[in-house]
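Shared chain: subunit A. Partners: subunit B in the first complex, subunit C in the second.
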Partner chain A sequence: MEVPGMKVSLARVRAVRGDWSLSAESVFEEGIHLVSGDVGSGKSTLALMLAGLFPPASGTVERQGIASVMIAFQFPEFHVTGPDLERECKSWDVDPASILAAAGLAGRNTASPLDLSRGELKRLILACMLARDYDLLILDEPFSSLDCSEKERLCTALSGRKRGITIIFTHEQAYFPQVDRIWEIQGGVLHDRGRLPSALCRWNHAPAVIKNLIAKGKVPVNISQTDLLEAACRT
Partner chain B sequence: MQDIRLRAGTAAVLSLVAFTSIGGAAVVFVWWLAFSRPLQVLKKMRIVIPAIILIAFFGFVLEFTGGGGISYGLRMTVIILIGAWVYTGYRQGEFLMLWVWLLGKKTGFDLGMIAEMGMQSLDLLVSDFSRIRQAQELKGSCWGLHSLVPAGSVLIHGALRRADETAELMAIRGYTRGGSYCPKFETPVKDIIAGIAALCMGIIAFIPVSEFFILYH
Partner chain C sequence: MITLEKLRYRTVAIEDLRIAPGVTSVIGPNGSGKTTLLKLLAGIALPDTGTVLVDGMSPRNTEIGWVNEFPDRNILFGNAFEEISSPLRFRHIPCTMIEDRVVTCMKSIGITHLATRPMQELSGGEKVLVALAAALVFRPQVLVLDEYDSHLDANRAGEIAHHIRKRSTPYVIHCTQDLEAAALGDVVIFLEKGKVSCAGTPEDVFTSLTGTAFYPLSWRCRV
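Showing the complex of A and B:
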């Protein structure tokens, strides 16, 4: 059953850690959102606040129409509860055979998740999460530890998410899924850069390739590899 | 207490006094209330209360099986409170300063560095534990005793991997043993007063004071 009007609203939210602070006043609606910012700008803190795991010092985080929430932490080890890959998949309530095949780990059902490399484990955990249909899916640096082909595969999977709210926190500069809206943390404030493609001209953390394309007047429709290639080949 | 030498010495004396008898534990508890800023300690180190509950549980079990459990529970509770006070007052680099001051720039430096690494790991373990707990709750598993095994495996695995990486990094950077470090300490008057109070308790607890005086009854 479709849940109508899913959204996460941040009303005068302020997070404080020592001298550092982050302010946000925004609404995340259904679709794929990309939040970029420098390392240490507060991306992970904001991700935790949106997931309801970190209380803001002031203001409110309100979730509407959202029945299921999941956050993918930067370190996939934190999600492990099963002693082997088979039982790890079952702990997510997903089919082990298809997930292990999707994560490139077919036939390793009895291996311990903690014996996998971080990249392999990340692939497995993300495959399990994406196989579930969470209303609110928050991904904190999902591309770290993944090689280029895996990043591309993840982008394709994320672009295919048709319902719910997906919020990607990343400082990745090369691989992106097709997103609906771009956000940016700058100077301790969360800025809404708007919908694509107009958001690209206001995106200060845009990768050099996107900035170059815009400078040449070739504004990409979106930011996936295919979109960037299409814009680059445009005459 | 800013001076780590005083804090470590005071903690050692107070722990011994508290462990000796219930009377000693009571006096040390009064010291803790007077000098440690108790509310701040409890607020900063929330694991204190669960740790005390665990000790109380074992104390009761011991009381009903072999006896002496309540006394043990009370004494250990006070020792935990002293430990929490030492931990919450910790500032990075303090143990390196302490051990270099105690044993010099070779053995002292090595021991201090190990202690610092231990403290750093402890901080990471606490934050990792909180993330694991959050991840398990989001996954739909109820947090309980059964969750401790997978959480413990992840924590131990992570700690060992970090230790391995640190050791490799130090070897690559050419570390063999010892290092140059000149510790500097600040000792405010109130620290000295708290230290003297603890020392007095130690003297009264371990030296048979009554034998030096003629007491009239």
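Showing the complex of A and C:
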């Protein structure tokens, strides 16, 4: 018997707040998806709807073949439940020693999570989250506050996800994992820009570096730093 | 000139740093002391030893605009208009003048549509824009911005950077993880483990960071 693949389907979904609204008619299948949009366009609202934490005003969000869901909030402080780093890790059911080492916080077991810098707290929460395997992983602005080395590390970790659906909502302009599909919120509607690399030419929020490469006829194969540098060096 | 001498506070140790008027970008790894340095410059924290002076005065005797890296930690009031009015009210500006100044400031940042929206309903980027308006509305001498751009899309971040530059605030000091934005500053300071590893023009500082993750992508691609 064939096992149905994982997918999240949004049918005639609409979120409304005053004179602002967001509409989506889309299917997210297995792979890595990138969603971009302006400030206040509804990225976080859409992320919450996909995670089942915010009901649409109308329409349906259906998950198929998905047994586990996790969302990384834009604000890492919203995740904190432990009074110190040791107990914060344990609340995620992950090994504190290895997680704190991975997050560059070794030896700080008794520190309060809320005394960390925002970047350090983001590193900790993402390390706890990525130590586990989720069928649907939604990341709202995962790169914000991370330094460049950490952004690179996160891209590597996300690229290493071999299964499941990963949906990244971001304003990031320089660091991306290789992604399968690009989406964009514009004019209150979620638009599917398609698969890479053809999606790049339709991506209105593309970073300036990518737009410049395209203008010179050097369309990158994908959007990781390696892909961008390969395109830039192409003769 | 902002001068920092023989400064010690928590992990930050700076022997001698001078910051000229203009836009200064502070960059460095997470936990390198960027926020701590900005808090000292804003007078939110006082050094254990050493001095921070803004044109010869303590930061606490200077008009400072501040935006926290945690958007929710900027919020004191219920809606955006109240939030942006608050620095003027705290300074006992006549109520008749406050509305004009708040509306003008909101227009200049493009957030008049947020005026009556409850703060807790705003997106992360919108909260930061309101905090920025509250920091600018009383025309500070020093504007200190802790990673305000990490919540903004590239277009909006570019517009805001242009607007800040146009206002001619004497000192703008911002820390950022966006190296392209950092490179647009007059001066870049690279912090590592609480110390200034390098400070100077963007060209000088980024040249010294060639081959590291802190070298801007557009400089690598040179497109």
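Heads up, the rule we're going with is that the second predicted complex is superposed on the first by the 231 of 235 C-alpha atoms of A that agree within 3 Å, B and C clash if a C-alpha of one lies under 4 Å from a C-alpha of the other, contacts with A are read in each partner's own complex, and residues count from 1 in each chain.
The criterion applied here is as follows: contacts are C-beta pairs under 8 Å (C-beta built on N, C-alpha and C of every residue); 3 or more make two chains touch, one makes a residue touch a chain.
None of the values given here were measured: they were computed from a predicted structure.
Annotation: superposed three-chain arrangement on subunit A; subunit B versus subunit C shows a clash.
Of the two partner chains placed around the shared chain by superposition, subunit B is the only one that A:Val69 touches, whereas subunit C remains out of contact.
Using the contact criterion defined above for the overlaid structures, shared-chain residue A:Ser91 touches subunit B, although it does not reach subunit C.
Contacts of A:Ser36 after superposition: subunit C is touched, whereas subunit B is not reached. With both structures placed on the common chain, the touch criterion links A:Ser149 to subunit C but leaves subunit B unconnected.
Contact with neither subunit B nor subunit C is seen for A:Val219 once the two complexes are overlaid on the shared chain. Of the two partner chains, subunit B and subunit C are each touched by A:Glu77. Applying the stated contact rule after C-alpha superposition, one finds that A:His205 touches subunit C and leaves subunit B untouched.
In the superposition on chain A, A:Ala111 makes contact with neither subunit B nor subunit C. Taking subunit B and subunit C in turn and counting the residues of subunit A each one touches, the greater count comes from C. When both complexes are aligned on chain A by C-alpha atoms, subunit A residues 75, 77 touch subunit B in the first and subunit C in the second. Within the complex formed with subunit A, the subunit B residues making contact are 128, 131-132, 134-136, 138-141, 147, 150, 153-154, 157-158. Residues 17-18, 36-40, 43-44, 74-75, 77, 104, 116-120, 122-123, 141, 143-152, 171, 173-174, 205, 207-209, 212-213, 216, 218, 225, 228-229, 232 of subunit A are the ones touching subunit C in the complex.
For subunit C in complex with subunit A, the touching residues are 28-31, 34-35, 69-72, 117, 121-126, 129, 147, 150-157, 177-180, 212-214, 216-218, 220-223. Contacts from subunit A toward subunit B in the complex involve residues 51, 53, 69-71, 73, 75, 77-83, 91-93, 114.
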